[in-house]
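Going in written order, the chains are labelled A, B, C, D and E, and every chain counts its residues from 1.
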Amino acid sequence: MNKNVQLFRKWWGLLLIGVLLISSLSGCGSQEKVLKIGYITEQTGVDAYVGAASVPAMQDYVDEINAKGGISGYKIELVVYDTRSEVPDAVTVAKRLVDQDKAVAIIGPSWSSAGIPLADIADAAKVPMVATTASNVNVTVSEDGTLHPYMFRVCFIDPYQGFAQADFAYNKLGLRKAAFLTDIASPYTVGLHQFFKDHFIELGGEIVAEEGYTQGDAEFRAQLAKIKDAGADLLVVDAYTFKDIGLAAQQAEALGLKVQIMGGDGVFVPELLEMAGPQLEGAIVTTGVTTDSPDFAEFNKAFEAKHGTQANIYTYYGLDALMAIEYAIGEAAKKGDVTPTAVRDALETMTDVQLFTSKVTMEPDTHNPHNKPLLIMTIKDSQWVLTETFQPK
Amino acid sequence: MTEKMPMLDIQDLSVYYGGICALNQVSLHVNEGEIVSVIGANGAGKSTLMKTIVAVKSFTSGKIMFQGQPLKKEAHDVIKDGITLSPEGRRIFSPLSVRENLMAGAYTRNDRHEIEATMEEVFTLFPRLKERINQRGGTLSGGEQQMLAVGRALMSKPKMLMLDEPSLGLAPIVINLMFETIVRLNKEMGLTILLVEQNASIALSVCQRAYVLKTGTINMEGTGQELLHDKRVMESYLGIAK
Amino acid sequence: MSSEILNVKNLTVDFGGVRAVNNVSIQLEPGEFVGLIGPNGAGKTTIFNLITNAIKPTAGEINFKGKNILGKSPDRICQLGISRTFQNIRLFPQMTAYENVELGFHSAPQYSLAEAFIRTPRARRIEVDTRKKAMELLEMVNLKEHSHARASSLPYGLQRRLEMARAMATNPELLLLDEPAAGMNDDECNDLIKLIREIHTTMHYTMIMIEHHMNVVMDLCRDSRIYVLNLGSMLAVGTPTEIQSNPDVIRAYLGEPKND
Amino acid sequence: MELFIQQLVSGISIGAIYSLLAVGYALVYSVYNFTNWAFDGFMAFGAFMAFTGITSLFMPFWLAALFSIILTVILSVGTEKLAYSPLRARKAPRLFMMISAMGVNLATVNIINLIYGGVFRKFPIDTLQPIFIKGVSIGRMDLMAGGISFGVLALLWVFLYRTKWGLGIRASSIDIMTASLMGINNNAVAIVVFAVTGVLSSVAGVFYGIKYAVFPMMGIVTIKAMIASIVGGLGSLPAAILGSMILGILETMVSGYISSTYRDLFSFLFLIIILLFFPNGLMGKSSGEKL
Amino acid sequence: MGYINTIIILGGINIIAALGVAILTGYTGLFTIGHAGFMALGGYMSAIFVKELGVPFPIALLLGGTFAGLCSFIIGYPAFRSELRGDYFAVATLGFSEATRLLLNNTRSMGESINTAESGIAMLFKPIGPLLVKLGGVFGYMSLPSPTNVFVVVVAVILALFFAHMFVTSQYGKNCIAISQDEVAAQMMGVNLLKTKMIALFVSAFYAGVAGGLMAFYFAYLTPSFFTITKSSDLLAAVVFGGIQSLIGPVITGFILVVFPELLRSFAEWRLIIYGFLFVIVMIFRPQGLLGYVEMNFYFVRIWWNKIFRRGQTSQEG
């Protein structure tokens, strides 16, 4: 009998602990009006720097909002989940944000492979999601052309950037023989490559070499030697991480390959300047936002002082998405209906709203920011110099 | 007790392999300057005895004393104390040259000159090895490999040399040569030798005392000559004729 | 046309400059029981390894039931009807005694992979049948009550018996026993002799046994012959009494006294 | 022709880096018969320690390198004591050693990631400019890579073939039991082997960091070294170097003349083909089991 | 409920793939760190069958699994024929899975170049050119049907477990166990090593392939980046922790390894570090894993049943 009681206690005890665990995790019991905003990002794995640069800034901003009494009286809670750069993890955390945390809006992933399946989740759950730097077309508009009603983004899309790069290279720099060094394992880089190539050929340019590598490679001399042999005058490095373009520049110089180097917004981070040094002089990198803009100087300084790391584009895009949601919640609250659907509607009709980096108008039929300027930066004396602002018609 | 303490004294040694009793309550001793043989058929536990003495194999119960001290727990410490074993099947380092094999034997010693001198002594014993000094061990003939194994064991300047089946797989003429050398080592250098052999006749004819091991126990003991003429020895090898 | 079940002709193998087996020939009639003895390192196990093609010979021929089996894979050779035990017991340690024996029966599965997944009535029948046969073999070697014990947990002597039962389960015509009595005391040896004799008479196997316990060999081979191997070569063949009094054999085992 | 020579030069320099890594694997494999999967974590650790030495502790380069070597040796030997040696003492199957090593690797890499973050860093030391000979660029860094690789390998050779410790290691790698009969302390040999492995991985890490970048996942390149040591034949130092050179040259040639996109596919096919025709690698010994 | 469902679905998919690894690593003793490759092959193939050919989805899953199984021979035959030992085989599987991913990353550009090719070997592949483009390379294979739900996954897991149990208790499965315990003895007792290992690899890859298919039909999207070495090592971890020669062990750990990091997502950074230390600790203190050598059978279930429920009754009676 005694044993039996003990056994019973053990089982009940386990059950109790389980219940406590679950209830503590779901974090109920608060009386305040709190809205949860989810943030799906990378805190571990190769891309951990994305989360590292953005989460503290966003948390600071949320604290600021709350200190000011919240958005129309609603306190904000930022719920951050890590994806380890794995799609299945991105999907589970999205579902978790939707079902368990009842997030009113979600700040979506920084990469398109996760953005594409997450769009379906956002649609199904009817919770708006704002992607930061997932720039593949199909993130907001599916393959067959239908719009994902709940998916938004605050960055420009790959075709736009590829187009602008080709345009600048052909028309402004007068380059005619392009060679590529492309990370073949990322939709972002392959997309940039594709759109650059298409437009460059359309303009009358010639593609003399298309070389690939895989993420994690650090050795590009074989490819660069071939590019040198092909007589290219432009080297487009479509890289996901700045290390690749930095190393490519170093190794190109070592091989005596003297070409114009060009890269996309993925490599527009301050670390690039330290890494490659003089080899990157004159290289061109396109981006939607620059850390060197005097508008951000103060912010950058404060951020570095507080968190010990430098701000980069992920910081800005994260804040952009957060501010877009802040705006939309504010709009929804004005109408007295702070539901995810109301937030979505406000996002869709967003016009000329000042976000962290620029004023944004959302295109209702694509959910891409309209007329987001593209900055063409040149590296001079190891500093970014704004060469031109590309504004589409 | 005027008798001198034996160099190696083993009392009631029992060794198990898994559940199998390989040695059961074995007691034997070796006095300084002696050649002692342990003979017995295959599987009698001879090699186990050797391995236990050099601490490659651990024992379950009993006691092993060397020069009045209990045996060390690790093989390399035992070797440093002055026991060496030339193992069964020679086990020379076949990819290493003859010279390197010998140098490996001198691993516990540090004085280069002394080592060179010992190597010369080994070469006087086995001139064939000197001829093949740079050859790989694996290319030597069976007899030469056995010389190398014994030479290698001598390189540590042991106080007691143990030989596990030095006649194994050798032609009779080579066996004779081997045992002549063993006797020389004992007589001329005064080396104490513990010998384990299946080849009873030759082992008994060179030793002062001998033990007969049968399925893990000591069956008989006596002087070499006594046992050499003891019919029971042959029976323990080839069974009782019916 | 010869009636031999096994015909080993002029087998030779070299290991790194040393000739381990030198020009050995063995002929066996069906149903024979012969012993293979010789001092340590004579090359006895090497001959078993050559017959089962665990190692490849340098020269020579091995014919089994009139067919050349040289170069066939060990599993093929087993399927043809040659099975063996090992000097250092090689059971499947984490499998039960029963499973060890059972393996011998189904090492070439008796039903198709598809049947394995859905366990058709036929497959079930085969399983039941195999189970029965395996239990019979276990009973024969007196291991029935240990059938569900893990092989590694069995005492050493029983492991040896289990290995024999496993070898028998492959339904061999030629059974090679490598030191079945190793490490056994006299009483255990006597039991083993009885068991092996029983196996030989009831199963009608042709058997070769390597053994160092001379009493065991001499007893089991008293009606047939013993091969004596020394330094890789065949030294003598004969009845136990002939072998025991053969001066060459005695010299091989006991050596010659050193003559100064 | 110029392209060919350029690719050959690059191939050799890449091969030199692979060699340095492959030798680390081969050394452990030859003595303990298992692939030390933890090596790539050690490499990243070595690089980060030198990096920290220079940036946070303001050491001159040579001191930072020494600092890194010492710490990596401690890590390597500690791993041997805590993760490998208990398994060896139990005579555990090789599979367990591998899993244990993978565990060490996983932990090391992720601890580095946790502390330093996943960011790529430039090693704070100036790189050297290349020399051009008839249009073919020969990197001074590559010459240095070659120099250091072969220098370290030469030192390793001297250590293994000209010192008493080296003799002990070689004897142990042939027959560990007999080696102990020679008075060779197996535990001490293990410490020395893993200390040498630590030195190799630290040197490789620092070097790789200087030439490319320092990041927690930098050890990913060791998979190439692993393929190289299998191609050459596991457990033999010259084979590891041979395999590395072949793989380095093959990769650059495939990139240069076939397709850089499918380069790794060729490396893999090459591995499969080698295994089909040389089951033990080009120079490997057969690992036949004794009955 | 969606979140719980997600966990059940992903856990279930992981269980099925882990069962595949259990058959190969746990039962046959062959170490794999490349099973993600087979998942990818199975996933893409089933997706193609459903989306392009309109094959019903359960059949497509089986076909996808079979395709993965057949592909496994590419690595299995050379590796087993040359009697590759542990380390070699592990690296070969890793190479295979990375090569698969490389090819999948490039399907689109391959397809495009085939479509535009005028001559040469590419012409031979002309019929599959458009399909390759559709697969999308790194952009992923999009807009797949998504019939995978909790019910499907639970049924699939039960079936997978049942058939895995059937396999490992069959004569084929027992031959696999024999090989893992003593390869030489197994061969000497008549087990055809090459054939048995190939069968084990086939079944194992089949399981991974089916898991891949379920994954495709859950995410409605496939991209090569689903199938990285991390995925492979997670599967291996499930078997190492769950136990050698056990199905129920990897099933439990396969599920836990999905659920645990979910519950403790805030410790995500520590997760891989903990795995790493656990690998070492398990090897040193319990190398057979959590439930090593525990066969899933009714005997086992009955004992547990008795332990949990019956004990109350008997003690009340007493």
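Note that a contact is a pair of C-beta atoms (placed from the backbone, for glycine too) under 8 Å apart; a residue touches a chain by one contact, two chains touch by 3 or more.
What you see is a predicted model, and the numbers here were worked out from it, not measured in a lab.
S.K.: Which chain has its C-alpha centroid farthest away from the centroid of chain E?
M.R.: For chain E, the chain whose C-alpha mean is farthest off is B.
S.K.: Based on mean C-alpha positions, I'd like to know which chain lies farthest from chain C.
M.R.: A
S.K.: Indicate the whole-number Å distance between the mean C-alpha point of chain A and the mean C-alpha point of chain B.
M.R.: 75
S.K.: Centre to centre, by mean C-alpha position, how many angstrom separate chain D and chain E?
M.R.: Inter-chain centre distance comes to 31 Å.
S.K.: Roughly how far is chain B from chain D, centre to centre by C-alpha average, rounded to an integer in Å?
M.R.: Comparing mean C-alpha positions, chain D is 42 Å from chain B.
S.K.: Give, as an integer number of Å, the spacing between the C-alpha centres of chain C and chain A.
M.R.: Distance between chain centres, rounded to whole Å: 70 Å.
S.K.: Residues of chain E touching 2+ other chains?
M.R.: 102, 106, 109, 184, 269, 272
S.K.: Which chain B residues sit where two or more other chains touch them?
M.R.: 94
S.K.: Would you please write down the residue numbers of chain D that are in contact with two or more other chains?
M.R.: 110, 113-114, 261, 264, 291
S.K.: Which chain D residues qualify as touching chain A in the complex?
M.R.: 2-3, 6-7, 10-11, 13-14, 110, 113-114, 117-122, 127, 129-130, 132, 135, 137, 139, 141, 208, 211-213, 215, 217-218, 220-221, 251-253, 255-256, 259-261, 263-264
S.K.: Which of the residues in chain B end up touching chain D in this complex?
M.R.: Contact set of chain B toward chain D: 54, 56, 74-76, 79-80, 84-85, 87, 91, 93-96, 100, 103-105, 107-108, 152, 156.
S.K.: Which residues of chain B touch chain C in their complex?
M.R.: Where chain B meets chain C, its residues are 18-20, 22, 41-43, 88-89, 94, 138-142, 165, 167-172, 175-176, 179-180, 197-206, 215, 228, 233-234, 237-242.
S.K.: In their shared complex, at which residues does chain D touch chain E?
M.R.: Listed in rising order, the residues are 29, 34-35, 82-83, 86-87, 92, 94-100, 102-111, 113-114, 223, 226-227, 230, 234, 261-262, 264-265, 267-269, 271-272, 275-276, 279, 287, 289, 291.
S.K.: Could you please specify the touching residues of chain C with respect to chain B in the complex?
M.R.: Residues in contact with chain B: 16-18, 39-42, 155-156, 179, 182-185, 212-215, 217-218, 222, 231, 240-241, 243-245, 249-251, 253-258.
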